[in-house]
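The next part holds the structures, each set out as structure tokens.
Shared between the two complexes below is chain A, which has chain B as its partner in the first and chain C in the second.
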Partner chain A sequence: MAPPPVLILESLRQQIASCESQLQDLRRQLAEAEHQQRAAQQHAHDRLRTSAPAPFGDPLTHDMRYGIHDDFRSEVFAALSQGEEEQAGEEEQRPPGRRWPLDAVEYRRYGRQLIMPEVGLQGQLRLKNAAVLIIGMGGLGCPAAAYLAGAGVGTIGLVDGDVVEESNLHRQILHSTARVGMTKVESAMVALNSLNPNVKLVSHTTRLSPETALSTMQPYDLVLDCTDNPASRYLISDTCVLLGKTLVSASALRTDGQLMVLNNPPMPPGSTSGGPCYRCVFPKPPPPESVVSCGDGGILGPVVGIMGVLQALEAIKVLTRNSNPSIPETPPDPPSLLIFSAYSSPMFRSIRLRTRKAKCAACSAQASVTPEALNSGSLDYVQFCGVINPVDALSPNERISVNNYAKIRLDVNPFTGTEPSKDSHILVDVREKVEFDLCNVEGSVNVPFSTVTSTRSSGPNGTSNGQQGNEEQSWVSELKSYPDKPIFVLCRRGNDSQITVKKMRELGLDLGGQRWIGDIKGGLNAWRDSVDPEFPEY
Partner chain B sequence: MKNDDTIPITVEFSGGLEMLFSNDRKHSLSMPAKDEDGTLSNIAYLVRYLCDSVMKDPRKDLFVLDGTVRPGILVLINEADWELEGEDKYEIKNGDNILFVSTLHGG
Partner chain C sequence: MTPGKSPAGHFSILYFAAASTFTAKSTEHLLAPVQAGKLFDRLEQKYPGIKDKVLSSCAVTVNLEYIDLDGDDAPNVDLVIKEGDEVAIIPPVSSG
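== the complex of A and B ==
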């Protein structure tokens, strides 16, 4: 039986996803209706108990009337009525018609955190009345949102402009296989609704921009930066400073994570008692070529998960701080950077950070970041952080398309009649060894790009590191030992291959122009698109 | 100029910088106690020393830019931001732990 076409699969997935979200909605409505019914019953029951007079049924009333000395009786009544007055004081916090500050379902649901002095009733009410904005519904945002919704944060805003992809699922725990293709915000809402229907969710299904940042973030008490690029990190931090909001910022890559609570306390720009902002710590953005994404560098699911969970924890700490009147008030923690490193021992270390920078562009008295500048769009964060232009290092005659390369491999040469041969040339794959081992083109040899870039091209001048030199030269001498074979260089996307071709020339591998060296345009992605659709995509 | 004296220190790399230093996160070094001019070694000299004598990767621009550590790298002296210790003028002491952290951006 032939496998069903991709379109059918896609359509089925979408139908299921749509039904699932309808079902979730119905469940939520049902839960709300049940909850209202229970509350109404409880209310009626309470009224019955308090208002029904039982002159002889209630033992206390009986004793008070007939069995106790007058003085003692008046003392007891005084004590009882004082208790009522105290209760009346607390009553003001309660919605009218409610006997307890929280619903019965809330006592049950949050019981395990309610009994902790760090939270308690007042802390829970703070969480319930809080609005938290989570920017980025990826590897950080998913666990952060799950824990905050679980803890009963009253309102959670979700910002993301992307849709769920299969490669997200190993770490972005709110999304599911069935919801691939759905917006990340909608997918997260389905999961969060089923986790805790009492939380109000607000969706923002577009990427945050300088023009929308102030109005988007304004209604919230606290912001979580769960994004994945420097430009958004500066934008979010600047906006938090302008709006006076504390920011919980985290990031992760490969096996490492970093966490900071910024603008804490959130004093206005110019105040030296406020916590540092992102610009205080990193006044200048990193060079764009040093910025590595999870797609290129890789990421271990639990690593980014830990960082997202820590963000939720810091958010709960900020929101509930000093809510317990019986615990002495404490100032916010001094600014620090928490570094997580999964393969180091110990895995966590905390670094003391600086205070606000006297000349910070965002939070100092001389700040150039203003609401007007932000709203007018004159602050170009993408420009500020720089962009990497696609590598265009080679001339057209140093490059070959995947289709033409495929002909060299597969077809008989129509002019000479020579049989195709993989042996007629050398195919060098410059992906890292771990990627090469996942899947590779038959007959290719692996020279990892990190080895290429760390090879010194100015000849054998390194006297102190001769051993290293020999080791790195081995791939060069290997290629030199087949001087008559052209070299084709291949990588994942077609960037590293170009840089490698240049490097090979510098190393003299083109034998003064006698040997052709070139790159295969578009790399293995193009190879998959045009030649071999079965070549794995990862 | 005699520079026999060395100071034992620990230099650590995090956030991907270790890839530029033979994939080692932790280096125990004995660095010269004085710099080229005979003044006591400070962080500025340590950065030069790391570039010239420890780093084998030729991509120096991923570590230094305009003579100092590139933007996006935090320098931490004994678990504290170098801004709290005098930045690159901090004089290195016996047994110091200097940590270079590259910011991460993934999420």
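== the complex of A and C ==
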């Protein structure tokens, strides 16, 4: 029998992993339900006991319809509450019948951090009793979750609405090749559970929204913002202020990262002794067209990894602060913004932040962000941060589809009978040089979009700025030297190409309408979909 | 990105993330003194468009200390950036 194709193996593995994570989720739900049931029974028992005094003196003849006899009850409940110290509240409280505050496996597993004065027994119990919410299971969330689970944080909630893609794997270290296509939350749960099965994991497999933010974040002690867009950063920060929770916020792009511990200490809005929030530091969102994703801008794995690891570190510091009774208590660190820049020297710069902003929309006495506004959906974070509409800058006769362009390249012209020729026109690819060098269409010339946008069209007085380099000019004169050839402009998705066509007109490259200049609709993505399936996707 | 010591009569300015992309520089030296509230106008002259596209949402620091320039009555608009100071333009990075 021939061996089963790789795809089947892959699919089976995925299904097993998915079932395992569902099973785990069911176990968690069962444990919660059992706990609630026990609590309800105890409540009912207490009620019955006050209304119906035990009719018999001998515990062995006790009527079990009214619950267990008092003499047994404490023992039974002690047995039932084994392993549920987190509900007990007081960290010093040792479960009855237990000799040591931690299990033997816990002493062994956490031994290397337990012997540090910064953690110690009390610090470990704090971690064990803590619930941390990690929003975003990507490049930041994966390393952050791994270290927090490793450290023995009792409950970790995971929020993400995406599924694992192959292009995530170079940096999102909890996911794996076999789990491509699985939700990021389920994939992370599989990895975290195998790392430390003692951690209770709670899945939230949807994107956070203003309507769900308060209820999702309420049960947690600390929140980590590991998301990837401005709207969610403001939403998470605002919600943390409203709920009085400290927020560890980080971000990364290309070779740079930022880290802040916000709302620390988490005082109510209006209190000047609370730590600043995200709005205090960045009151205005960046213009939407300037926001670059990792997919478009790129990201180096270790850069985002460092930022995620730092988030886990700050979370551990916040949770275990002042847990060692032999070290004098200290106030929280003054607020700071840590800037990481992998190719700078020094790589780290720490900026002292100010206290809460007097007019902050979220945490000041004049705050306009309220729980009611959040729940009602009247706070539109997407609107606040702005939306980019797809570029639609050109008229239909300035554009050509990939299929028609392919005909120009490949087919004999049915009317004139002329042979196709790549020399009949100029194909300009406006991706940045590094992308052009990865793969390009034969015969295309590269004029990077950054060069296009920084080239100034001569103003009415014809003066050009002294900054203008020779390189920027040379591409214009080069194109002008072939005045009879139409210009086709190509980019990755079909947006930059349209802007370039407009710019070329402004620069006079259309020779007053004598020469056709247009963009290839949908760019190289469409080219791959419709014409050349082997053109690399990256 | 190592700004080095700024020449006499200058301060150094560091551009991070989108500010570095826009200016195509990570650092440079500019003439001192300049009033903090006028810094963005100075940069706009040098890099047309930078104010709306980048600076409007940026954090600004002087000698590793955050300064508040949000609004005409912001606490630090009158602060004077002096010779030898190190200014940083820090756009919010939101991806991750």
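Basically, the second predicted complex is superposed on the first by the 435 of 538 C-alpha atoms of A that agree within 3 Å, B and C clash if a C-alpha of one lies under 4 Å from a C-alpha of the other, contacts with A are read in each partner's own complex, and residues count from 1 in each chain.
To be clear about the criterion, a contact is a pair of C-beta atoms (placed from the backbone, for glycine too) under 8 Å apart; a residue touches a chain by one contact, two chains touch by 3 or more.
Computed from a predicted model, the values in this text were never measured in an experiment.
Enquirer: So if we stack both complexes on chain A, do chain B and chain C clash, or do they fit?
Expert: Clash.
Enquirer: Regarding the shared-chain residue A:256, is it in contact with chain B (first), chain C (second), both, or neither?
Expert: A:256 sits against chain B and chain C alike.
Enquirer: Is A:427 in contact with chain B, with chain C, with both, or with neither (first, second, both, neither)?
Expert: Touch status of A:427: no partner.
Enquirer: Using the touch definition from the top, say if A:230 reaches chain B (first), chain C (second), both or neither.
Expert: Touch status of A:230: both partners.
Enquirer: Touch check for A:222: first (chain B), second (chain C), both, or neither?
Expert: Neither chain B nor chain C is touched by A:222.
Enquirer: In the overlay, answer first, second, both or neither for which of chain B and chain C A:345 touches.
Expert: After superposition on chain A, A:345 lies in contact with chain C alone.
Enquirer: In the overlaid three-chain picture, which partner chain does A:142 touch, first (chain B) or second (chain C), both, or neither?
Expert: Neither partner.
Enquirer: Would you tell me the residues on chain A in contact with chain B in one complex that are also in contact with chain C in the other?
Expert: On chain A, the overlap between the chain B and chain C contacts is residues 136, 138-141, 226-230, 233, 250-254, 256-258, 281-287, 289-294, 297, 299, 304, 307, 337, 339, 341, 344, 349-354, 357, 450, 454.
Enquirer: Could you pull out which chain C residues touch chain A in their complex?
Expert: Listed in rising order, the residues of chain C that touch chain A are 1-2, 16-18, 24, 26, 52-54, 56-57, 59, 61, 64-66, 68, 70-71, 75, 88, 90-96.
Enquirer: Given the complex with chain A, which residues does chain B contribute to the contact?
Expert: For this pair, the touching residues of chain B are 14-16, 19, 25, 56-59, 61-62, 65, 70-74, 76, 79-81, 83-84, 99, 101-107.
Enquirer: Under the touch definition given earlier, write down the residues of chain A that touch chain B in their complex.
Expert: For this pair, the touching residues of chain A are 136, 138-141, 225-230, 233, 250-254, 256-258, 281-287, 289-294, 297, 299, 304, 307, 337, 339, 341, 344, 349-354, 357, 450, 453-457, 465, 468.
Enquirer: Note which residues of chain A are touching chain C in the complex, please.
Expert: 136, 138-141, 226-230, 233, 250-254, 256-258, 281-287, 289-294, 297, 299, 304, 307-308, 337, 339, 341, 343-345, 349-354, 357, 359, 450, 454
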